[in-house]
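Multiple structures are listed underneath, in structure tokens.
Same chain, two partners: chain A is paired with chain B first, then with chain C.
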Partner chain A sequence: MSELTISRRGLLAGSALLLASTALPTIGLAQTPKKGGRLVLAADSEPRNLNPAIVASNGVFFISSKIVETLAEASFDGKDGLQPRLALSWDGAADGLSVTFKLRDGVKWHDRKPFTSADVAFSALQIWKPLQNLGRTVFKDLEAVDTPDELTAIFKFAKPTPFQLIRNALPALSSVVPKHLYEVGKIEDNPANNAPVGTGPFKFAEYKAGQYYRLTRNDAYWGKDEPYLDEIVYQVLPDRTSAAAALEAEEIQLAAFSAVPLADLDRISKVPGLKVITKGYEGLTYQLVVEINHRRKELADLKVRQAIAHAIDKDFVVKTIFLGYAATATGPVPKNDPQFYTADVETYPFDVAKANALLDEAGYKRTDDGKRFSLKLLPAPYFNETKQFGDYLRQALAAIGIEAEIVNNDAAAHIKAIYTDHAFDLAVGPPVFRGDPAISTTILVQSGIPDGVPFSNQGGYKNAELDALIAKASETLDTSARTDLYKEFQKKVAADLPLINVAEWSFISVARDTVGNIANNPRWAVSNWADTYLAG
Partner chain B sequence: MNRLRRFFHTPEAIAGASILALLIVMALVAPLLFSGDPQAIAGPALLPPFQDWSLPLGTDRLGRDVLAELFHGARTSLAVGLAAAAAALFIGALVGTLAGFAGGLIDEMLMRVTDAFQTVPSFLLALAFVSIVGPSLGAVVAAIALGAWTGPARVARAEVLSIRERDYVAGARVIGMHPLEIAFREVLPNALPPVLALSSVIVAAAILTEAALSFLGLGDPNRVTWGGMIAEGRAVLRSAPFLSVVPGIALVLTVLGVYLAGEGVVESTAVRRSLS
Partner chain C sequence: MTRALRLFRRRLVGSIFVLLIVVIGSFLLLEAAPGDAVDAYIVSTGGDVGMIELLRHRWGLDQSELTRLANYLWALLHLDLGQSVTFSRPIRDVILERLPTTLILMGSATALSFGLGSALGIYAGARPGSFRDRFLSIGSLALYAVPGFWLGLVLIVIFAVDLRWLPIGGIETIASGKTGLARVADIATHLVLPVSALGFIYLALYLRMMRAGMAEAWRQDFVLAARARGLSRRRIVLAHVARNALLPLVTMLGLQSAQMLGGSVVIESVFAVPGLGRLAQKAVAARDTPLLLGIILVSAVLVVVINLLVDLAYAILDPRVGAGEASA
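So, the complex of A and B:
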């Protein structure tokens, strides 16, 4: 008997050694990136305009950030959360009137022309400032860009502009496009908007509508040995359920931006060869927000807004709608923001009794059928989660006697209904926090924004105190003073509830084990993927 | 009585009628059995069926009671199916009678309009209509009726064409009845039976169209619909297939029931006709 045990043990040890010896080379391979290969991934939308300098949105970046590069990219451990791309260094003057960029030497456009400071000056003055959705606010005081030599660009501002804001804006707002292709004709109609030319690690190869986008390796890329991949193919899979099936069938190797539904993650994480990655989106936080039309007399009453905030069970939303892949929100800056977030704000714990009491106090008593008043609720159609939250909110409001009628629209009609026609009482929106409240957050509560500007305050909310605070912060140069002002901003928003922040979430990637260097920066899905590789 | 007995003679008719009866009972008792909002959150999310007997068919992604939704969904499906079919039959009979009885230019005009509607696929028509008007129960009914009235119009016209040559119609003319009165009081009632025979097909198609519209997110979002339930369940098809399967089965059974019962009616009238 004992002999047998020993021999069995020996056999086991031997086979384990054998296994280890075969496993070793693959482990080694996974650590040093391998060159070559084609990465096929799921794309769920097909942007027509691929120029990230004009349309600074994640849908466009997802594809074109590999082709057109920015001055700097977000980083987990770099100084100020940045790592150099086309700019090697950036330096703000003490008076806030200029920022000097030193540019990378030896960078070539995909058509072999050299990249110079003239391209940066052109992009900033002709595109970012007048045309870009986000640049219009951040670069509004940009007056001139001086180019003393080919590798220096000095941004001159008419009014003091906080350097912190410019820094935080670099990863998303500073895509540089070639001047020599854009200086002739109208910028909006330039053919390079549909077939972008940049300095990035990949070149645009082709686009077949409804089928795929294909990018090929840029052999003349400035990064040493980069990029590792030969090709990137974005397979258009508009149906969310098909991405999971395509991953399992090994038709695609990566599904970013939560292309796999949250409800499927638990199952798919158990599939051998696939991994679920929650990192790599820290710089792209979406906020689940209840937008409020303050023109409705009931909603103009703070007590009613407080009652609605108390009626929402944020933990339920995170647990049931986002299946735990989200965090509850306290205010207009997400908890994961390292610079501005403060927890020291008014909170509204889930308390139906208190919500009912507040509504009674406000003078909206329940009528005989148990209802106080009714509302029109427009959930944004962009995400499953915003639609589901709309269904939940309807129930949460019913519990406090407010009857909500859901109105579903497609994306275009939804934007028109809310931001142009103001035909809503409550809406569910997913604004994005982009690393600095001045980029796309203060606009959500600031007054005086013309009709039709999407993702801005179109609820008719007006608070002179808050407006003054926003104006003051936008011209405060000292980083810590500016940060303090935005902490004050969060307090005021949480206290007066121009909108209700419910949760904040980001995306999930699912990839095959062979895809390497995933999620190595806070905006990974929309970064340039020069170091991404395929092992085996 | 005789007719009823004949109707229940065929096994299809019995099966169809019992399914329909069950459905109608479901629709009627829904507000009694599941009072309150069927979309209210009743328990933990994604509870599988047959685990908790207070929620026999489990719960959906938000924790809503699937059985309550199924019952209330039956109301929507039946209401839309019947309303759309009634509207389609009404418009169709009206247009068909006018065209057949008037003849000449009016006939040509009305029939060309019918042609025009018939050449557009009815589902596309419904889709376009709802996207413009906006999703609500009334819009869905109108959209479905808009694509379904052409069949009854054609059948009614054909019947009217043969009836208007009968002696009693000539008699009515002679005693000086108004042509419209003749058309709708003398001719239409006699032309109606074959038109009504189409109703089962139209109801079945209307229920399916309503489900398809809801599946595409164009149903009334404030009501439970089977199509909407299937669409909701689709996101979790792999982990909680029952959310799509349960309303799917209900839909199949309903359409089958309506169709079988319709067949039974047609057969029993056919027997009557051949007997007479």
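So, the complex of A and C:
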């Protein structure tokens, strides 16, 4: 499948036990699932709204996905990469105007009221479509949801909508919340947004700001014998070094989402009783991208963009900044995506001489002090790695005579500078690939997006051909034709470089050996953990 | 009216102006920072223009700066701190929830640094220039030079990870169900490391100040007089030399309270203590202006009250203070 796997295995080859536990997480250790126990894990952020139907983000899912379930979850081996949750089956009409969901029978909300198709209809029409950060795009043409009986929900679209897109959106965008709690008052002010009620294996118990979230077992859960755990406690540890210490001191048993910094992994993997796991995030791939402001005349020149691409040593970035826990990128779809990825695109091997030649050709000769022109470079502050790559990029650009001045901002200031004020020449960003290019990837290069939209093309790039291709793909219903269009999309992006994809990475978990059934789906950290257990 | 009360009244009037300037200044400063609460929010969610406009409207950010400042001050006049966008809760509640933690942390750390610092200062200052004086001076300076977060991490590694005597962080055991004395003991156990990390750093200040004050006092005539009266050395050290050196320490205590609030931001993060410092950090990152103003206001009130108490203590310790006002 991916280079991600290969490099990971290579890294861990020295430790046979580790390799076994990562490659075969479910049977790697001779443990039988055991009932009971409290799983304590590290949390580094406290989302202001815990309703995953409104805020489809990993920070919210990390906690809420155990409480509120989606129609389907991502799967390593299920059909189309999905496994059923609240929906048992999903079926798209050939005309792309409707999708029929058959729902699970006998499911109860945490307040013991029955779950029905009315809840699905309400969530889709009243929340996903008008309020959800991602649903507002994907479900924009959703017109009605018919509920012929309590266990059937038929989504009706005003315009033909690709079934493949809806399918790919299910794991992240389809959290169902109870209609009977949300139909009174304003949805945004509903108390259940901070104390969610769902159908999931765990119930929300309490939240102490700055300290912890506590979830307790849902005894009436629909999954047979599930969940195994009695309690899940998210301990808020704002300092990243303290997560590693808490693991060593056995105060927590799990640190997901790379709560333990990459630099500490080597040391911590040698601590007896702890394991480092790189699986379980395949569906949450982040892309390291150089965003380009095409309003700068130098950067509007394709030769200059090609020169910058040639100046970046992607292997070095993966090895030195990500310490091997990443893969080099070729284009806007990550290598580990099973449906859309194509390697058949223009590549830009690391070649400083060629980069210099391209810049000379473009007419930007070195002046007497060896410089061609200077740029403002804004690395996103959200990850250590984006900041470190900013420093690396500055050096890489210096080698080809481009002087980059780094401007550091905090998150709020960065997002305003790039996406509203366009006050940058180059920026380093970490967009997320969400299983389908139409969800949040094409927007990175498409033109005509209003100012202020975060994680979108705010670099003034305009390519009519590419826009037409994106528009065509968005209304192509046939799955293989649609997939081909997105392969064409990758080629065009790699050839014209509206942005430069450098690397792809995801997160790392560190857990005690006693934690079982870790990483058994591609979105494990944000899935429901009904089968996670603590061995005695 | 007593001297202390008069002092209190004068200080109170002055303090209100100070607080008003603090609030307006902080508001303008935060407004000058690029990005608003919605920018900070969409970092983790993304979203389209419609959603962003909706959020700006709901959070009142589509109004002008002046309108928002006026609204805030008007509400403040009614003792209403407003609503936090980060927590979707009244700011008063959010702050009151954290205030006790910060007060305990700061109070204990101050008591530790003041108590131990001045005690060691007396010990060192009793014989200026002796070996113990030099040892303590150098040792405390070394502690003072250590960054707070690093000291915190070292304490965690030694006492929580290696020895496992103390918890690595938090304010109490999670959902332990403890009440009464057991809970007090639990909180105390959790506070040992953060209080030590915060307290040890400022210890040097008190120690050095006490020692310097005493070294000075030894040369005064009243010490000579005390010696001539045949008082014991112990009595001279405690009742004459140390007492005279104590006054600047009390002043320092007032000044230190403000710094302690700043230092607790770092210590609260390292030890995952849910106090005001971390809340302030979060408010800045989230551009939650009313929340940050609330925190600043409460902190400013705290500092003003502490300094008021210091002044009162001063007046009691040193009869000369405020004597001028008695005749006015």
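Assume the second predicted complex is superposed on the first by the 505 of 536 C-alpha atoms of A that agree within 3 Å, B and C clash if a C-alpha of one lies under 4 Å from a C-alpha of the other, contacts with A are read in each partner's own complex, and residues count from 1 in each chain.
Heads up, the rule we're going with is that a contact is a pair of C-beta atoms (placed from the backbone, for glycine too) under 8 Å apart; a residue touches a chain by one contact, two chains touch by 3 or more.
What you see is a predicted model, and the numbers here were worked out from it, not measured in a lab.
Give one of first, second, both or neither to describe whether A:Ser440 is in contact with chain B, with chain C, with both, or with none.
In the superposition, A:Ser440 contacts chain C only.
Would you sort A:Tyr212 into first (chain B), second (chain C), both or neither based on which partner it touches?
second
Between chain B and chain C, which one contacts more residues of chain A in the superposed model?
C
In the overlay, answer first, second, both or neither for which of chain B and chain C A:Pro160 touches.
Neither partner.
Taking the superposition as given, does A:Asp410 touch the first partner, chain B, the second, chain C, both, or neither?
In the superposed model, A:Asp410 contacts both chain B and chain C.
Contact-wise, after the overlay, does A:Ile321 reach chain B, chain C, both or neither (first, second, both, neither)?
After superposition on chain A, A:Ile321 lies in contact with chain B alone.
Who does A:Pro114 touch here: chain B (first), chain C (second), both, or neither?
It touches nothing on chain B or chain C.
Please work out whether A:Pro450 is in contact with chain B alone, chain C alone, both, or neither, and reply first, second, both or neither.
second
For A:Thr241, decide between first (touching chain B), second (touching chain C), both and neither.
Both: A:Thr241 reaches chain B and chain C.
Quick check on the output: what are the common chain A residues between the chain B footprint and the chain C footprint?
Chain A residues touching both partners: 241, 409-410.
How about chain B: which of its residues touch chain A in the complex?
On the chain B side, the touching residues are 37, 39-41, 45-46, 61-63, 131, 134-135, 217-218, 221-222, 234-240.
Considering the complex alone, what residue numbers of chain A touch chain C?
It comes out as residues 40, 45, 47-49, 55-57, 59, 131, 133-134, 136-137, 188-189, 193-194, 206, 208-212, 214, 231, 233, 235-239, 241-242, 245-246, 248-249, 251, 382, 409-417, 420-421, 440, 450, 452-455.
In the complex formed with chain B, which residues of chain A make contact?
Counting only chain A, the residues touching chain B are 240-241, 244, 261, 263-264, 266-267, 320-321, 381, 384, 388, 390-392, 394-395, 398, 405-410.
Would you mind writing out the residues of chain C in touch with chain A in their complex?
Those in contact with chain A are residues 33-37, 39-52, 58, 85-88, 94, 97-98, 149, 153, 156-157, 160-161, 164, 167-171, 174-175, 269-275, 278-279, 284-287.
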